[in-house]
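Naming follows writing order (A, B, C, D, E and F), and every chain is counted from residue 1.
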Amino acid sequence: MEKSKYQQGLDKLMEYTLEGNDEVSTHLKISEDLEDIAPDVGKYIIEFAYGDIYSRDGLENKQRALVTIASLVTQGTEPQIELHINTGLSAGLTKKEIVESIIQLIPYTGFPRVLNALTIAKKVFEVREEESAE
Amino acid sequence: MEKSKYQQGLDKLMEYTLEGNDEVSTHLKISEDLEDIAPDVGKYIIEFAYGDIYSRDGLENKQRALVTIASLVTQGTEPQIELHINTGLSAGLTKKEIVESIIQLIPYTGFPRVLNALTIAKKVFEVREEESAE
Amino acid sequence: MEKSKYQQGLDKLMEYTLEGNDEVSTHLKISEDLEDIAPDVGKYIIEFAYGDIYSRDGLENKQRALVTIASLVTQGTEPQIELHINTGLSAGLTKKEIVESIIQLIPYTGFPRVLNALTIAKKVFEVREEESAE
Amino acid sequence: MEKSKYQQGLDKLMEYTLEGNDEVSTHLKISEDLEDIAPDVGKYIIEFAYGDIYSRDGLENKQRALVTIASLVTQGTEPQIELHINTGLSAGLTKKEIVESIIQLIPYTGFPRVLNALTIAKKVFEVREEESAE
Amino acid sequence: MEKSKYQQGLDKLMEYTLEGNDEVSTHLKISEDLEDIAPDVGKYIIEFAYGDIYSRDGLENKQRALVTIASLVTQGTEPQIELHINTGLSAGLTKKEIVESIIQLIPYTGFPRVLNALTIAKKVFEVREEESAE
Amino acid sequence: MEKSKYQQGLDKLMEYTLEGNDEVSTHLKISEDLEDIAPDVGKYIIEFAYGDIYSRDGLENKQRALVTIASLVTQGTEPQIELHINTGLSAGLTKKEIVESIIQLIPYTGFPRVLNALTIAKKVFEVREEESAE
């Protein structure tokens, strides 16, 4: 049953990323990387974050992605900014929507956090273009 | 010309809040409150935040409101959480969208910031209901 | 089955607070207060925080309480500092352990966060003394 | 000897606040308030903060006050913002210098922290005017 | 007219950095780097930060630099700490004033942020010495 | 006498790390690295942090280590997370206690800070295993 909450989370992640297998892999890789010291944390991300929270009604996936990015930019947690810009693109956000959401934060967090996030966004966009060009 | 950027910001704020005169008044009241010690700050909010940033293309007003609320909840700046939940409702967000956006932040900021923001949201909703009942 | 994870969390909270019914009530009151706008958040606290995280092996309850307080003091989220100083006392921490843990943070967060947390601790201690004196 | 470091800190605080006895009292009151649960914290403020740090060469007192206020505004620790705006005025900063320093932070922390700090500054200025009018 | 605000900001940046062409270049490079995804952000830095905020009366340039550095150290935004230690030196701050301002923050933000900032300061000082030795 | 407070701090650091000479060296290396620009900061760490704060009664060394790690994870100051996971192991914490303390913070700071800290913990554990295998 525990497993079924996990499955529910995994299904949500699949649907959320429009079957973006790269994104699902990236999320599962977190579990693998921490397999030896903290094997449950990846499970909690799938079960609690995706199974419980992302699976709720009342917001579209793209709205959830924008809200998540805004919080991460505000905190300045860079590896997650990179992950969720990628995930957001897979969830259907346009590059423009992501860039504008980050710019929208200038009046609320100031330029430094925004500039650092835009630098990450630029890198993510370039990597994805290279990959799709291959 | 300076004035025209101010007017542009004010027009944006009017449009943003669907002519929500209460919201415009609240924003202008910030200027009034700080009139004696920092008269320009209210002007910068109208000119820079609304005239430059909110006036950009590429995001709907409701998206800007969600992104703003997510950043403020993450920072825990309570007077602004209250103001922008109000402003977000005027911009067309439903209560459900606001509540879900705050709940979406549990995996990213933890329960404390979320609980404090939901407590503020509850109060804002009650005040608006009382006012609309009068 | 969902319910069983909830029950597991509730049992943990009971054991954690040494059957401290006041603490359990306080935690359940969060659910009640948010019943109308966000009824699931209290459930997530019981299920995920207490059912999943606090129920893990490898740390004593008192260690979990210290770690929690240290994080909240660092963030400065005052209502939760108050709640978890109370919960920590119910979990078996002494006042001295709580005060020393807060003082330990001076070199890591500076005096402001520490002073604000000690002011809250003082109030919590006084309220509990009054209550136990009744 | 311990005592002599304390005396050194107290002397620095006296000199820093231009013999502003109110400011010294306020700092000593922190010790008194925490006398019963954490009597050493007030001592550490005098010995370490004022005896070691503020007593260093290379910055004028007014510069130390500006730097301190900038950090507190950025953190949003409101009781200390209030205390150090008061202390800064006693150290010789003008109201204008304090207000301008807070406004200077808009591009770096955004409007919310700045607005909350200006609201506190306004209150501090009013209280001091009332007191000096008596 | 927009352009004239931009020119005003650029003039201020020139004056602020004592015609430090390297600093001006660094600031303009931000615009270039983000040219493709967010071309307006560099413009906002010149127009709003330098044209509106830095151009205000009531603080000397060196005071603005100290306040800015204090906020960035408190936030721990490392690329901007590096940039503004450089800019501060160009604005006339001595190395000693910068180091002392960072040390002044130990009682307010704790050792971690201060140590990370001093490590950056050391690197900036070394790079500038190498450059001036060439 | 100043020196005696330094000696007291150094003795505490020795005892704290169970004569872990590597840890003592690492702490002293901070002083050396900053010798040229800020020679006193390493002294303050030994005197104030270890001599005054860590030397207090009322908490075991392992409790001080847990509280410290919890605060650093919450702030996301990565070089210090690495240092204090190392120091905590030397102070007698098990890997499991450290990992569980970090996981305990998911409900309070969210997944991002926790994932970044676990990644650091994994690296520290690996380095120490390699070293002890030599």
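Throughout what follows, a residue touches a chain if its C-beta (ideal position, glycine included) is under 8 Å from a C-beta of that chain, and two chains touch if they have at least 3 such contacts.
Listed by chain with UniProt protein names: A, B, C, D, E, F = Carboxymuconolactone decarboxylase family protein.
Quick caveat, the model's predicted, so the values are computed rather than measured.
Trainee: So if I look at the partners of subunit A and the partners of subunit D, which chains show up in both lists?
Mentor: Where subunit A and subunit D share a partner, that partner set is B, C, E, F.
Trainee: If you list every residue number at the subunit A and subunit E contact, are more than half found on both copies (same) or fewer than half (different)?
Mentor: Different, since most residue numbers here occur in only one copy.
Trainee: Computing the C-alpha centre of each chain, which chain sits at the greatest distance from subunit A?
Mentor: Centre of mass proxy via C-alpha means gives D as farthest from subunit A.
Trainee: Comparing A-F against C-E, which pair counts more contacting C-beta pairs?
Mentor: Spelling it out, more C-beta pairs touch across A-F than across the other pair.
Trainee: Centre to centre, using CA atoms, which chain is the farthest one from subunit B?
Mentor: Between subunit B and the rest, the longest centre separation is with F.
Trainee: Any idea how many Å lie between the Cα centroids of subunit D and subunit F?
Mentor: Using C-alpha averages as centres, the distance is 30 Å.
Trainee: Could you please state the distance in Å, as a whole number, between where the Cα atoms of subunit C are centred and where those of subunit F are centred?
Mentor: Roughly 25 Å, centre to centre.
Trainee: Mark out which residues of subunit D touch at least two other chains, giving numbers and ranges.
Mentor: If we look for residues of subunit D contacting two or more partner chains, we find 40, 44-45, 48-49, 56, 72, 75-76, 80, 99, 103, 105-109, 111-112.
Trainee: Just say which it is for the chain contacts: an open line, a closed ring, a star, complete, or other.
Mentor: complete
Trainee: Which residues of subunit A touch subunit B in the complex?
Mentor: Listed in rising order, the residues of subunit A that touch subunit B are 45, 48-49, 53-54, 56-59, 63-64, 66-75, 80, 96-97, 99-101, 103-109.
Trainee: Hey, which residues of subunit D end up touching subunit B in the complex?
Mentor: Touch list, subunit D to subunit B: 76, 95, 99, 102-103, 106, 111-116, 118-119, 121-122, 125.
Trainee: Which part of subunit B faces subunit F closely enough to touch in the complex?
Mentor: Where subunit B meets subunit F, its residues are 105-112.
Trainee: Write out the stretch or stretches of subunit A touching subunit C in their complex.
Mentor: Those in contact with subunit C are residues 1, 40, 44, 48, 52, 56.
Trainee: Over in the complex, which subunit A residues touch subunit F? Could you list them?
Mentor: 30, 33-34, 36-38, 40-41, 44-45, 49, 72, 75-77, 79-80
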